[in-house]
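In the part that follows, the structures are each spelled out as structure tokens.
You will see two complexes here that share subunit A, one where it goes with subunit B and one where it goes with subunit C.
Then we have the complex of A and B:
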């Protein structure tokens, strides 16, 4: 009994340490930059070598990039997940599964180089929103597809059988029963994927982002500024007077990611309560 | 054509020299049963005797299991249900199945009952409304849910959920209802309701129930089929079997010496 208590005490201490470290990082970054928030900060272009103005083009760029990425990656990811879970019990399925699992272990800079070589250069998309979105979609695919597969696999077999027993065909079972049953889990996974994609820097730097643009992107062929690449650029290439902008941008990006995760966890908690 | 002569009108499903395997393991051994129309037939026996497998084979729900192999025939209204040309969708509409654990679909009470109608192509809203109401009434659930037809089926109690899935099964107007231990997850009061319901339903449907609740089989069934280790040991009228079992194994089971 005494041993049990000691072990549980150690576990508790470790989880507290992890918890407070994470809270500290979030709080530090958010509060360090929140003082620079102002109406101008959210509505203006950067000015005077990033020492004045705001981050409007980076906010818009991030929204465009994230939306385009999700438009591409959700259908592919969800369909791949459905295939793996419902049709994947064979050689092709296992091969695809291995390929996708390995994809999720690739460092993001490698995705960036891959996107640069394939989308930007070989497919002549150059540095553009579209090239960046395609690259990030390849990154998001394993997150969304493996989460979809797990969500579908967690639906009890008895539910499949009940639908079959009524005469439903396989497609009807999948689309009318399994997906509605797994829907919340799939949405949670997409949100977590979105949070990940939003903070990605390296792949975006190589395929989509520019230091500075004087106008908003007009089509998916235009280059963009994003929050994450803006932080990197300002922090690396500009002087002391510009550092406030990196801090403010970090703070804002962190807040956005935090909100997305909180929504995802809320949905998950609701689901578990059921 | 030959079958027309052999099968008498009171037999609705004939199981003929039926064997089944999961991989190498044989789970059903040369089963021969004539299930009678508009009767409650109970398949009983200790766990692992193959009774659920037999029931699942009648709905062909084991088709999804790749290691599952069969030989022999199951004939429903003169048609071998394992014939390649059989339209499984139509067959399952005629022979419905209810499982041990009630599994409502992730939708409203109403949509659960309408599910089968919709997949069989019914679109007329008034017609669907009528059948949903009729099925819920038949399943003795209507009075409890009529004001909340559009709430999630998950909000119902376990006993209500089991009556809901029975309503869902009878909505498509089957001729046979297969039930796999439908009350094993329910409390005694809910169980009693389901049993009473089955006794009412048997006027219009043929009911085949698998149960390891022996008193239940005795209470509700017209015929009993006792299985042991994949074989059909004894079968006959329930009243006769409980009074004078012919086989020693049956007697042992009825007396609680095996099980």
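Then we have the complex of A and C:
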């Protein structure tokens, strides 16, 4: 029994130290950056070699990119999930299942190279918002579709059977019974996917981002700046004078992502409590 | 009419789902197709040579150094992450009180989504000047990259392992405890053994994540191509 106490104590100490170090690091990044927040920071273009001004183009770029990506990936992801859950009991279903699982394990830089080769070069979209959004959609597809599949599978079979007994066709069951029943879970998955897409750097760097843009993206063929690539560029390529901007941007991006995740987990907790 | 609608809807679902397969095939196809010319031109030298001078004349394209470095970095980081992750998971599973567990789990879930570029930024701006002072040769080195990879993947590993252990039947644990074994023995010898496949799965996913991570390594380890011992060389 004494040995147990000692081990318990050691494990607790180790866990606490690591846990609080990691939490401290992220809290530090947030709070160290918050002091650079100002109205100018959110409404200005970067000026003077990134030493003054703000991050407006990066914010706008991130929002555009996220919206375009979600517009493309939500229908694809949800429909793929429906297929896996409701039509997936055959060879194609299993093949698709393997494909989705492998897709979720592919490193993001490979997605980036894929996007660069296929969308930017082969389809001649160049470095643009659209090619970045397509690349990120391919990335978000496994997240959304596997979550949708799980959500649909967790709907009790009795609901399905009652709907069939009332004479509903298969797709009517799916769209009118299953999807509403699984809605909150699917929304959670989409939020988590959005958080991932927002923080992704490597694929965006390769397919959509520019170092510095002097005007807003006017169409989906324009290149953009995003928060994450902006952090990378500023942290790596500029001197000490510009570092405050990387700190501020990181803090802002981190807050955004934490808020999205908090909403997602709040929804999920409410669902579990029910 | 309803019949027709059903058919159309089914068709839409099926055709969209097939796009998943097509996407995967395209990814593999493209990556392979783009790399074939390189392989054909340079031949086996790519995997067997240490020389990487793509701008020289004649150019040399050996990626062996990078290959070995990736493997080293992965092994080194995994050796830190996996035991620590296991300890945290074990603590959360067995010893932690209700409040402790809730707090840790909540925070870990939140942190597993932190973008890697932020960790890279943190390392390069906050840690690396400090490291220069204690005698590293340059501001970018493998130790830094390892720290970054650890911070990045620890929450992920711990939560996966904890899930694997929690999914084991509670009766097993209670039965062992009722026989008078200590909590540590129960957790370590019985629950962990029962959850072995889940834990292995967590390890594989972690290693996969570490290998594929680009941003942290790009920002923290530098682009210098040379052997990485001792650890403080870029």
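As a working rule, the second predicted complex is superposed on the first by the 251 of 274 C-alpha atoms of A that agree within 3 Å, B and C clash if a C-alpha of one lies under 4 Å from a C-alpha of the other, contacts with A are read in each partner's own complex, and residues count from 1 in each chain.
Please note the rule applied: a contact is a pair of C-beta atoms (placed from the backbone, for glycine too) under 8 Å apart; a residue touches a chain by one contact, two chains touch by 3 or more.
Quantities reported herein were computed from a predicted structural model and do not represent experimental measurements.
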item	value
Room on subunit A for both subunit B and subunit C (clash or fit)	fit
Subunit B versus subunit C as contact partner of A:164, first or second or both or neither	first
Touched partner set for A:180, first subunit B, second subunit C, both or neither	first
Superposition-derived comparison: subunit B or subunit C, residues of subunit A touched	C
Touching partner for A:172 - first (subunit B), second (subunit C), both, neither	both
Touching partner for A:60 - first (subunit B), second (subunit C), both, neither	neither
Touching partner for A:156 - first (subunit B), second (subunit C), both, neither	first
Touching partner for A:255 - first (subunit B), second (subunit C), both, neither	neither
First (subunit B), second (subunit C), both or neither touched by A:105	second
Subunit A as apex of subunit B and subunit C, Cα-centre angle in degrees (nearest 10)	100
Touching partner for A:7 - first (subunit B), second (subunit C), both, neither	second
Three-chain overlay, closest Cα atoms of subunit B and subunit C, distance in Å	9
On subunit A, the residue positions that both subunit B and subunit C contact, one per complex	169, 172
Interface residues, subunit A side, partner subunit B - complex	89, 156, 158-169, 172, 176-177, 180-181, 183, 274
Contact set on subunit A toward subunit C in their complex	1, 3-4, 7-8, 11-12, 14-15, 18-19, 22-23, 25-26, 28-29, 75-76, 79-80, 82-84, 86-87, 92, 95-96, 99-100, 102-103, 105-111, 113-114, 117-118, 122, 138, 141, 145, 169-172, 174-175, 192, 195-196, 198-202, 228-229, 231-232, 235-236, 243, 246-247, 250, 253-254, 257-258, 261-262, 265
Subunit A contact footprint on subunit C (complex, rising order)	2-3, 5-6, 9-10, 12-14, 16-21, 23-24, 26-27, 30-31, 34, 84, 87-88, 90-92, 95-96, 104, 106-107, 109-111, 113-118, 120-122, 124-126, 151, 154-155, 182-185, 205, 208, 211-215, 218-219
Footprint of subunit A on subunit B - complex, ascending	59, 61, 64, 66, 88-93, 96-97, 99-101, 103, 105-107, 115-116, 119-120, 154, 165, 168-169, 172
